[in-house]
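To keep things simple, chains are lettered A, B, C and D as they appear, and every chain counts its residues starting from 1.
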Amino acid sequence: MQQVITFPELVTIMEQHPISIASRDDVLGGVYAAQGWEGRYRELMRLGRDLPALPEELYEYSCPVKGCESEVRLLLGITPEGGFWCWAHSEARIISGLIALLLGQVNGLSAAQVCGLHLEAEMEELGLMRHLSPSRGNGLKAIINAIQSHACCLSQQA
Amino acid sequence: MQQVITFPELVTIMEQHPISIASRDDVLGGVYAAQGWEGRYRELMRLGRDLPALPEELYEYSCPVKGCESEVRLLLGITPEGGFWCWAHSEARIISGLIALLLGQVNGLSAAQVCGLHLEAEMEELGLMRHLSPSRGNGLKAIINAIQSHACCLSQQA
Amino acid sequence: MPIFDIESVRRDFPLIVNETLEGRVYLDNAATSQKPKCVLDTINHYYAQQNANVHRASHHLSTQATLAYEEARETVRHFLNARSREEIVWTSGATAAINLVANSYGRRFLQPGDEILLSECEHHSNIVPWQLLAEERGLTLRYIPVLPTGELDLSELPTLLNERTKLVALAHVSNSLGMPMPVERVIAAAKRYRARVLIDGSQAVAHDNVDVQALDCDFYVFSGHKVFGPSGIGVLYGKYELLEIMPPWQGGGEMIEQVSKRGATFTLPPLRFEAGTPHIAGAIGLASALRYLSTLDRQAAAEYERYLLNGMERLCADIPGFQLVGGQGRTSIMSFLVKGMHPQDIGTLMDMQGIAVRVGHHCAMPMMEALGLSGTIRASLAFYNNLDDVERFVDALRKAVTEF
Amino acid sequence: MPIFDIESVRRDFPLIVNETLEGRVYLDNAATSQKPKCVLDTINHYYAQQNANVHRASHHLSTQATLAYEEARETVRHFLNARSREEIVWTSGATAAINLVANSYGRRFLQPGDEILLSECEHHSNIVPWQLLAEERGLTLRYIPVLPTGELDLSELPTLLNERTKLVALAHVSNSLGMPMPVERVIAAAKRYRARVLIDGSQAVAHDNVDVQALDCDFYVFSGHKVFGPSGIGVLYGKYELLEIMPPWQGGGEMIEQVSKRGATFTLPPLRFEAGTPHIAGAIGLASALRYLSTLDRQAAAEYERYLLNGMERLCADIPGFQLVGGQGRTSIMSFLVKGMHPQDIGTLMDMQGIAVRVGHHCAMPMMEALGLSGTIRASLAFYNNLDDVERFVDALRKAVTEF
């Protein structure tokens, strides 16, 4: 089960994630600009290749999200100022690229803001809905569920 | 599991069954002569009403043949001369009538002769096949199987 | 007669249409129900356009199949008014669902000396699994006695239910007589001793809506084939907090999280209890049946069934020797005897006239024993039966009784 | 190319026709197979004309249904060349069949300290039931190791198999690599220690005829959905002398002889193991699939599959980084990796091009661990695939590897 990290040492590392609301347009612009499915998936694979894996300090707190096809590591954190940060990574590049799309929507927002998002909308818009099937194949849906349920839960506590 | 009775005291009683190869035409003639299904089933019910239940001496050696709908008691015997005798009875009249049809084909023959019979043929001829379905509802098929398998087994031993 | 467009409904059921053409009448609905055409179409469409294994791959077909399969789970959730989809476990039928609870919940949480309370009216499927469990674990089974009317005698409940009672398993409606069981009262009493309650809804779902939250039972089971769905599929509803602490029963693909040579860890409910490739066509076929039901006015359908049942009983009343078995409030089932005639002879003579009824102990031997009967004849109705069926049944019964 | 009228056969499979029209290629046949039209027709006909409960009533419909259901059992008997119909038990699938043996035979006849021998190549369904049993009963599981070729290393068999070995459970063909397992040799070795042998035929039946008498195994299991039959139905073959001494597993209707409040007596096999209303449409649908197979030249179909597989492997050989997993003799399955690319990325890129393959551990984690792999990509063929499917697959793979 996921925990939400609040240790200052770790959260400080988590805030360094290169993909956040702030860097979003720079990082994800290519996916939007890409032509056809081939272009889009090439961009996703590039994004996925660049997505940083969890450094060791974070890895040991992260949880596996299991699918039949690949494993995703996931860690959620919240800063003292209430900033919501998520790290996630998969060995598979396309999944990692899709994770990057998610992180660009949530990292750096408040939990309440994240709770209010419709995270699937962007993937719908990009024609990537097939990756959100309830099949346990990839775990993307499980990540979205974890992000959203923790964010909503945190924002109620606050 | 069925046993085949050979105790002289009991076999002597079993030989008294009113329905046998010898009495067959008298007893069963009515079924053949009957008109339409109504006539035939009336005759079957009459036959069934007249079919003797197992007297106590026999009953205690008999085995139940279970169906969902009614229970049949069954006992097989063989005389010192090799005559094959079967007693069977059900509370339900039509089943008892069908049993009478069977007994008229086997009682008093030798085991080898019974083994060679196609017991279902007569029921086919009379349009009574529906009672021979593999459904466990009535147990008629189980009786035929027991008669035939024991008769064949006995005739090989002889 | 209540407003219910019977002739239009009847046309939705290909087998009923066919039997009518053949001059036969189907009154064995409590054994299994017939399927509306939409269920056949769903199954066909599934095999012709969607068939793939679920939850295992992420290619197009598999995604389609998984979506349909999980939507079907949602349809069942809605049908039972369960809190969440995760409370709905697919099984191969009501029997398998009860065995699952006995083997998973029962073997983990019941201790020697604990008691299970059943009723004398249960179907064998709600008796034998508990007997097997009781023998293995050293449990005691108790039975709420049945009265000659087919009602349960709740006067003994205070002694039957005690601190040792850990589980109560009770039919929602009895299958042999069609008597509704006092589930609300028994559930309330069981709660006082913190006993878990399983309700066997096999005979209820075809006739009424069910609300597991209102009932507040812990488990609810039924079979698809009795509620106008396909064969080989059934449902176990369980409160999530119970499913969550229950160990898996069967091992296999997809109920695992990780398997090594040394052991395995298991995934969350409901998949934890769905070892092996599931009956996908069955699940979506059942959902199709439930969706069909939701297009009907179920209240009106139930009233219509009562109307048919009352008519049937009234018309039978002057048949010589006719004896109704069971008391008031019966839904859609008429169990009866005819003095001086064996039930099986009646059944055969009805069948010769094209009327399908069931005869015997109806897989409820303990109840038959308690009532001193060896069996009954049972005519069971569904909302696609009509007055003509009822009249043909009564004429055939009269003929069987008076002319043979 | 062997003589086999592929285009005519292909037209028998509605989903394959449909996928072809949609421009998609189905190469996930090892997960589940598609159904010939006759199976759909059988199911439809059953629900529209025959549907009734079996073995319970003797009215017309029930008799028809029971006849069809028992004829289906005979069809399976013939398919496996079992001695008698009574050796064929219907289950909900291969997984349920293995669980049945583990829970009935295993819990009755295996004692603490006894050993069960498996192989490292088994599907989770042939591992987890034994792990659950071993934990409960204090048994030891041993595994025949797999070689890097995917073959079993039988050199260790003499130490793995000993007086304590009571049961051996082995796949006929491995599902992840398609390697045929040395079942004859293992069965012969097991017999020397009087160990019982269960063969998991899930991946064999779609590709070859099976003769359980020639194999002389004690149990043989398979799923209907993998042999062109419906979902939710499977088969346990067991030697009658074993089935006869095995206690029931699940309790319910129709597996009983007599039930009282104190206990129950059970009927003979196979019904003893078929608690509850069975999956009647599934049983007769499976029989319809097996009859369909019997109209084909199965030898030719198997040769044709080998021809496709060889072609596929040859065409893939020059794709940069392509690595075949597994050795010689594989039937209809190509499991592979592409250097530098994650299998899941390949799977996704294939799916985007309309090609259905499966990616991952294929429910065989212990084998993946033994081979040091985290997963593979698996393309699995059936006789209704054609050269065009193979070429489209290879083109798509080349594009995925070279253009992304």
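Note that contacts are C-beta pairs under 8 Å (C-beta built on N, C-alpha and C of every residue); 3 or more make two chains touch, one makes a residue touch a chain.
These are the chains along with the protein names UniProt gives them: C, D = Cysteine desulfurase.
Remember, predicted model here, so these are calculated numbers, not experimental data.
Identification of common neighbours of chain B and chain D yields C.
Chain centres here are means of the Cα atoms, and by that rule the chain farthest away from chain D is B. Computed centre separation for the pair chain C/chain D is 31 angstrom, with centres defined by C-alpha atoms.
Distance between chain centres (mean CA atoms), chain B to chain C: 38 Å.
Taking the mean of the C-alpha atoms as each chain's centre, chain A and chain C sit 45 Å apart.
If each chain is reduced to the centroid of its CA atoms, chain A and chain B end up 78 Å from each other. Multi-chain contact residues of chain C (touching two or more other chains): 56-58, 60, 62, 258, 347-348, 351, 359-360, 363. The set of chain A residues that touch two or more partner chains comprises 68-69, 130-131, 137-138. Against chain C, in their complex, chain B makes its touches with residues 37-38, 41-42, 45, 67-71, 90-95, 130-131, 137-138. On the chain D side of its complex with chain C, the touching residues are 14-15, 18-19, 24, 26, 28, 31-32, 34-35, 39-40, 43-44, 47-53, 56-62, 92-96, 98-99, 102, 120, 123-125, 127-132, 135, 141, 143, 223, 225, 230-233, 248, 250-256, 258-261, 263-264, 275-282, 347-348, 350-351, 354-360, 363, 365-366, 369. If you check the complex, the residues on chain D that touch chain A are 342-345, 347-349, 351-352, 359-361, 363, 374-375, 403-404. Per the touch definition, chain C reaches chain A in the complex via residues 54-58, 60, 62-63, 66-67, 70, 257-258, 271.
By the touch criterion given at the top, residues 66, 68-69, 130-131, 133-138 of chain B touch chain D in their complex.
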